[in-house]
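In what comes next, subunit A is part of two complexes: it sits with subunit B in the first one and with subunit C in the second one.
What follows is the complex of A and B.
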């Protein structure tokens, strides 16, 4: 039975489920490191998913859909950026408003463009890059089966996410841009004094988070499901927030935390198969991301400290 | 102007704002729905106004809510009834949606979904001259102006189980593997969905006692991506026929079946017709004729025979549940399976077989 639970597909599924979370979480990391709270990841993801699907339905090309999703994410994130940075409004309120806006706009446009609510027609999807078979038996074939299943069976955006996580981690901690970004979130006054434009730095960070969350939406619809359903993100944006916090506001941490949450979700499904032998209520796994985040925030296991100036609007001069 | 005048003006403006918002609030966005259909012949005033409140899945789920809407549209066409739909986006919308419809003079009002049972129990007495229909709603003591419309999903699911149990042993399609495993995907782990599961398992075991049935639950009726993961998991466990009773979640499971090669049994509507492009995996569907129940209830209201305070149950005998045609698999499915379904149907209607509900 353990052999039925621990399969290559369990880990492959973990990567699949982690990808949208990780993209949104890394976007959240970048945004919050610059000092802007981004509760709107859920709404941006949904918007990206919708416009990505719409673009594929219009052009038939999934990659154009991916680009459209990122563009839509940037567009709606700019609303949050303008409200939070230029108008200095409460960032949590602005983020929440975008979540509601996204839900409404996507539902409305679906009705308006396609004539019916609910689910769009199926679209052209992005297939896994490699497709090797797993031939024969024997020791090496088994190793190959595992390697193929876990590493080689994924769609493009899954790999892109890993690359983004590595790049972002490097950029944040090893480049001048990254140093300035982190400084914006800790002590914007100091950065301003040196002559760096605080507003522009934060704008760029928010727009980047928009692009990443939009890409997460594209992954969800163009790679995983193949159509758009109203509210299909189903709270993933909020789990991404938890992943960001649990990952201590670093891109690598966000990715690993998302992987953990994705693994828990995949495990929950597998365990359900053996419900008569192991009884763990699925709700336990549904609450796991949030419980872990609270534990980390409370400082019971390590401590996660937010950037010092996060959530505080900056006024120049 | 002096400060007293400006204060008065401010209060007046605020009042105007409040008044302007009152019609707009309560209930979530309304879909652009067929009240703008050009009335082909609407000679006289509509006989009455009927409405429905959807569950959080909303219209476009290709099954449950859409079917109820079909019943409403049929009433509009054949009985000259004015109809309206309000979609609930959140559970908190239920009561305000019902409220809005009742105040606007709609009767009967259908609350589509068991999650709204408490809302109806609470609101029916408040609007005692409005008629309510509760789809899938079981009342301990039905309110005098409400009728609970229940279905014997377990009976229809039994037939689905018979098909699945025999199909997995057969090889009439290359998606059927040699293992004796079938799968069930449920939405929420509640008694209603348990009926689907129990009937399915009983039907399968009646024709294939050694079959292994794996049941997985998504925890909601909307997460399509989850549905696909559940489907992939079942197929990995060698299930080659999967039955989903999970609303929009099942749409993701159809994807998994198409990607990895398994057959699918749909639910509520004839999903061969409602889900485009699914014909290559859609073996059949367990139809729950919500549209029939809704239409009949509206007709009873029109005829003045509305039976408030009762529960009406629609089973195989009443044509309330049944299997959809095999469509693309009509020629492939062996006669033995079709015969087994007929026999099971006759036995259930005749009372020889009693299908478990849990």
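What follows is the complex of A and C.
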């Protein structure tokens, strides 16, 4: 039975499940590194998921959907940016408002445009980039089967996410932009003193997190599910925040932490298939990612140090 | 010197009170106005929508009863979130604690069949408060001991709690029949409807007492709100709670244990949210099922913020959101405006209250600056 559970597909599924979490988590990393808490990731992801779906329904082109999802993410993130940077509202409260707003706007437009609550019609999805057939039997064919399954079976955004993680890691630690971004979250007054515009730096960071969380929504609807359902993000934005913390506010760490959560998710889906063998109610499997998030937070937080100025509004002197 | 003295703003004792009430009232009015504009832009008949909303919320005693019915759990969740905010904690997971409170009342109530109501009702209410507190305990401990952010942990516990309930209502606690729900509570474990307290003659004479589905939970809610207000204002517990929320470092220096206060605050917040579950189970559904709460825990955030975390302010704030939710159904039926507009209005209320805070802070700072120049 173990052979039935541990298959190439399990690991491939871990990468798929990790993708929306990782995109949102990297967005969270960039945002929090600039000093702005972003608990709105959940709502931004939901907004991206909805407008991505709506654009595909309107045009039939999934790539336009991806762009629409990112644009919608940026648009709703700009509300968070304006409230928490310019108005200096409490960033957690502003994020909560965004999450509610996203739930309301997507639900309202769902009924307004499609005439019913719940789930949209199925949409054209992005297919896996490669499709190789497995050669016959033998040892090498088996290795090929694993390689093909884990590495080559994915849809575009799964690969794009890995590229983004690497790029963001490089940019954060090897470019002037990254240095400034990190300084913004540690000591904005110092950054301001040397002539960098704190507001602009934070705005860019929040908008980038909006684009990334929007892309995460696109991955959910345009690659994974193939339709939009109200409140379909189901806490992923909060798990992504935990992944960002577990990854110690680094893009690469965020990706790896997301992979852990993604694996837990893949495993629980896989185990549900063996319902007859493992007589545990399905709700306990569904709980797994949330329980794991709490355990991870409990285990790691003492040693992970948040950016010093995160959550503190900055007032120009 | 004499010139500087003139810089002191004229003291108007009623100004703070007006500011306190004015900001929430303006925030709510603005949010409803923008909500109406959205409805209008979307091509609906905004006037018809508005009058349907009003009719559904206040059109008659039965509709007012519906508003009270929905405001009842919101008073508890608003108190819960507000109490947490007063200690600087954001209990975003009131929904999960509400589920556990409801679960405690629904499951324990079945075992107390045949006991007198004055025994059963208090036991169930206290049990649901304890269950809510228990559900907040782990996040509280993680926050106090290692600083794990309560926003993430209480949210995760909300999902976990909801899955536990959805397992129990299809599994161990399932009633006979097709519907996944628990066994109904016996009459002595139910909170009676307000109109059932009066005779038919009285209701004929005083028709405004025929409050439909509104139940005695509203009385418990108001009493608890007053108690929470007294605790915050007059007890050491409340003082420490406020002190830690205001400045944890100064509190620690003054000898208040920030860790212990944090644990107490989040658990009391959880207990209050648990009570919301008990009134929904004992007063409305008389059992628990998967969807027994329509997000009261999350609406509680908007209630608390609109009330500026004041326990007595929570009552009118909850009534406002109760009215919106009671009227939304009629609005959808008569003007076919999607009910989800209510969520948008809630979000806008939160925005405006949060942003207005800044405006007021500014005003106070200006006043302080003027004062310090004067000094």
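Operating definition for what follows: the second predicted complex is superposed on the first by the 285 of 317 C-alpha atoms of A that agree within 3 Å, B and C clash if a C-alpha of one lies under 4 Å from a C-alpha of the other, contacts with A are read in each partner's own complex, and residues count from 1 in each chain.
Note that contacts are C-beta pairs under 8 Å (C-beta built on N, C-alpha and C of every residue); 3 or more make two chains touch, one makes a residue touch a chain.
Treat the numbers as computed from the prediction; the structure is a model and nothing was measured.
Participant: So, does A:130 touch the first partner subunit B, the second partner subunit C, both, or neither?
Facilitator: neither
Participant: Contact-wise, after the overlay, does A:270 reach subunit B, subunit C, both or neither (first, second, both, neither)?
Facilitator: The first partner, subunit B, only.
Participant: So, A:287: does it touch subunit B (first), subunit C (second), both, or neither?
Facilitator: So A:287 only meets subunit C here.
Participant: Just to be sure I read the superposition right, which of the two partners does A:101 touch: subunit B = first, subunit C = second, or both, or neither?
Facilitator: Touch status of A:101: second partner only.
Participant: Using the touch definition from the top, say if A:177 reaches subunit B (first), subunit C (second), both or neither.
Facilitator: neither
Participant: Applying the touch criterion given at the start, work out whether A:93 contacts subunit B, subunit C, both or neither, answering first, second, both or neither.
Facilitator: After superposing on A, A:93 lies in contact with subunit C but is clear of subunit B.
Participant: Looking at the overlay, does A:113 come into contact with subunit B only (first), subunit C only (second), both, or neither?
Facilitator: In the superposed model, A:113 contacts neither subunit B nor subunit C.
Participant: Residues on subunit A in contact with subunit B in one complex and with subunit C in the other?
Facilitator: 103-104, 107-108, 110-112, 117, 234, 283, 286
Participant: Going by the contact rule at the top, pick out the subunit A residues touching subunit B in the complex.
Facilitator: Touch list, subunit A to subunit B: 4, 7, 9, 13, 16-17, 103-104, 107-108, 110-112, 116-119, 121-122, 220, 224-227, 229-232, 234, 265-266, 269-270, 272-273, 275, 282-283, 286.
Participant: Which residues of subunit C touch subunit A in the complex?
Facilitator: 38, 42, 90, 92, 138, 142, 146-149, 151-153, 155-157, 159-160, 163-164, 166-167, 170-171, 298, 301-302, 305, 338, 340-348, 350-351, 354-355, 357-358
Participant: In the complex, go through subunit A and note every residue touching subunit C.
Facilitator: Counting only subunit A, the residues touching subunit C are 39, 79, 83, 87-90, 92-94, 96-98, 100-101, 103-105, 107-108, 110-112, 117, 234-235, 238-239, 241-242, 245, 281, 283-284, 286-287, 290-291, 293-294, 297-298, 301-302.
Participant: For the complex, which residues does subunit B have touching subunit A?
Facilitator: 29, 31-32, 58-62, 66, 87, 89, 189, 214-217, 219-220, 222-226, 228-230, 232-234, 236-237, 248, 251-252, 255, 276-277
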